[in-house]
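In what follows, subunit A forms one complex with subunit B and a second complex with subunit C.
Moving on, here comes the complex of A and B:
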């Protein structure tokens, strides 16, 4: 494997020394491009009090290519599908090499605070969200309790 | 007309029968019209022409502050004894030439403000230019 670019080393150091509130990202011992991530559910969202596990991988072309991010914890959200894949513009077409791991994770946290059922990835969840919003939010809250409780 | 859900179930069945065989992937790829397949491929190649990147104005070393960093590699420009820094003409954002050249070979946006760098026509001021009377008369 090619040596780790200076930028990745700098980003990793800063994630540890100056972490984003409510977010942790720890590189894997064997692969410094692979991060184990946790994101706390934002207050006053259905994900409040939940801690969600994610994985983040920096492809060889990073930062010319966006990091790959996926939820590992089950979550009921219109922009996150059953496999944990996330529908978020900065992870796809709106990626820019001036963005960083921390800004991407902040965007994911913001997505939890404001689900967008009009741009769905999980179609059935989005339909549910649009038609019975209260019930969908209750379900999201229930799943948070069931699957995203801090161990 | 089959609903999206029917289609999904059908694909799920096929997947269960065949596993991750190529047949299923091939079938799925046929769902994308050929014209769009090309578009998708082209999309990946869209970037600035090489001559555009080569023509970007350089930033003089003594105009670079010691603490200024390139937002692509996150390193201070002055870490390099001979920093090669360029400025995007319209928005004025600066980057290491080496860093921004890679990005602009794939895309046409400024990494910092997403300004489409190719959307601006170069401004050539012709008001001060006088046509010479003997234009083209002498070799």
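Moving on, here comes the complex of A and C:
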């Protein structure tokens, strides 16, 4: 494998030395472009008290190309499908090389705090969310308890 | 940063870096990475900053030979681009319009007629002034849901998607591929649906032949249902088979399997009790050279029809043979 770009090394160092509150990102031993990520559910959200596992991969073209991020923990969220894929503008069209791993993960955390059922990825969840918001939030809470409890 | 350039919005970048971004960026508009404001004019050299930086570099790194070399390279690159008038690989001037071909619905670059995906022509690097982004995954899925054939199989499709969720391995090499292959899968799906629509005939006629050849009692109804769906089911099952079968998908793909090989099911039914009847009737009509017996000629009463039947029969025989090998 080609040597790691300086930018990735710097970002990794900073993630470890100065981590974002509620977020951890640990590079994989074998592949420093692959990170094991955990994000704590934001307070006041249905995901409160949950710890969600994600994986993050920096493609070869990073930072010209957005990192690939995916939820590994099951989550009931209108913008996250059952594959764990995330519908988030900064991961797709709105990516900019000025963004970093930490800013992307912060955006993901913000997405948990403010689900957007009007631009859904998981259609069934979004429908549920729009029609019976209370029930959907209750279900999200339940799933958080079921799947995202810290071991 | 040896060749700092400043955008119209006032942000400074290294020439190499911003150039890479502007060239690789597949969006319709060139934007500043920092503030996302659209860039209509190429960033210009910031000579003051360059001077300042050179002072800083000299103080900080002194006469590091490695640094000196990269610095000379960067400056040479910039000078070369200026002289040849290809700053930023000409992305600010090189534009075209994506024209959708009425015949095949493919968007093409108006400069070179190359097929355009995204907003930059992969052939001449021209940036499309009109957006072509609509040809994305979302669009394809929309087509799928509208498709009447797809609707009847939405159950199976959904379940195979579930398999992916469970089977996507967490190793980084497969990670990207899996996500991508999901898109491919949708594309394959479209293609397969299209194909199966365009050639439903073989299955209908094959069934007729099958009924005539095996003139014994068989469970016609269930067979008919299976036959009608067999083509579509077969590829759905293939998709599911690629994944490890787990959880809910397991049942559905099993259904798919049994539906996919109706002929084989009949086979196994017959092999026990009706073996002898099959031998006399079936094998006579399925001679190795595909030659039909006299009985058949009479019953059909036409040489033309017979040739047609011969071909069809062969087709059927192939299916039988391959199934028996299993």
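Brief remarks follow.
The rule is simple: the second predicted complex is superposed on the first by the 151 of 151 C-alpha atoms of A that agree within 3 Å, B and C clash if a C-alpha of one lies under 4 Å from a C-alpha of the other, contacts with A are read in each partner's own complex, and residues count from 1 in each chain.
Here is the rule we go by: a residue touches a chain if its C-beta (ideal position, glycine included) is under 8 Å from a C-beta of that chain, and two chains touch if they have at least 3 such contacts.
What you are looking at is a predicted structure, and each value in this text was computed from that prediction instead of being measured.
With the two structures aligned on subunit A, subunit B clashes with subunit C. Once the two structures are superposed, subunit B and subunit C can be ranked by residues of subunit A touched, with C on top. Of the two partner chains placed by superposition, only subunit C is touched by A:57; subunit B is not.
Within the superposed three-chain model, A:96 lies in touch with subunit B and with subunit C [touch as defined at top].
Of the two partner chains, subunit B is the only one touched by A:6; subunit C is not.
For the contact definition in use here, the residues of subunit A common to its subunit B contact set and its subunit C contact set are 64, 94, 96-98.
Interface of subunit B with subunit A (complex): residues 4-5, 71-75, 99, 102-103, 106, 109, 111-112, 114. Residues 5-7, 10-11, 63-64, 94, 96-98, 100, 123-124 of subunit A are the ones touching subunit B in the complex.
For subunit C in complex with subunit A, the touching residues are 17, 20-21, 24-25, 27, 31, 33-34, 36, 133, 161-162, 164-165, 168, 170, 172, 175-176, 179, 182.
Every residue of subunit A that touches subunit C in the complex is listed here, in rising order: 28, 31, 33-34, 55, 57, 59, 61, 64-65, 68, 70, 72, 82-85, 93-94, 96-98.
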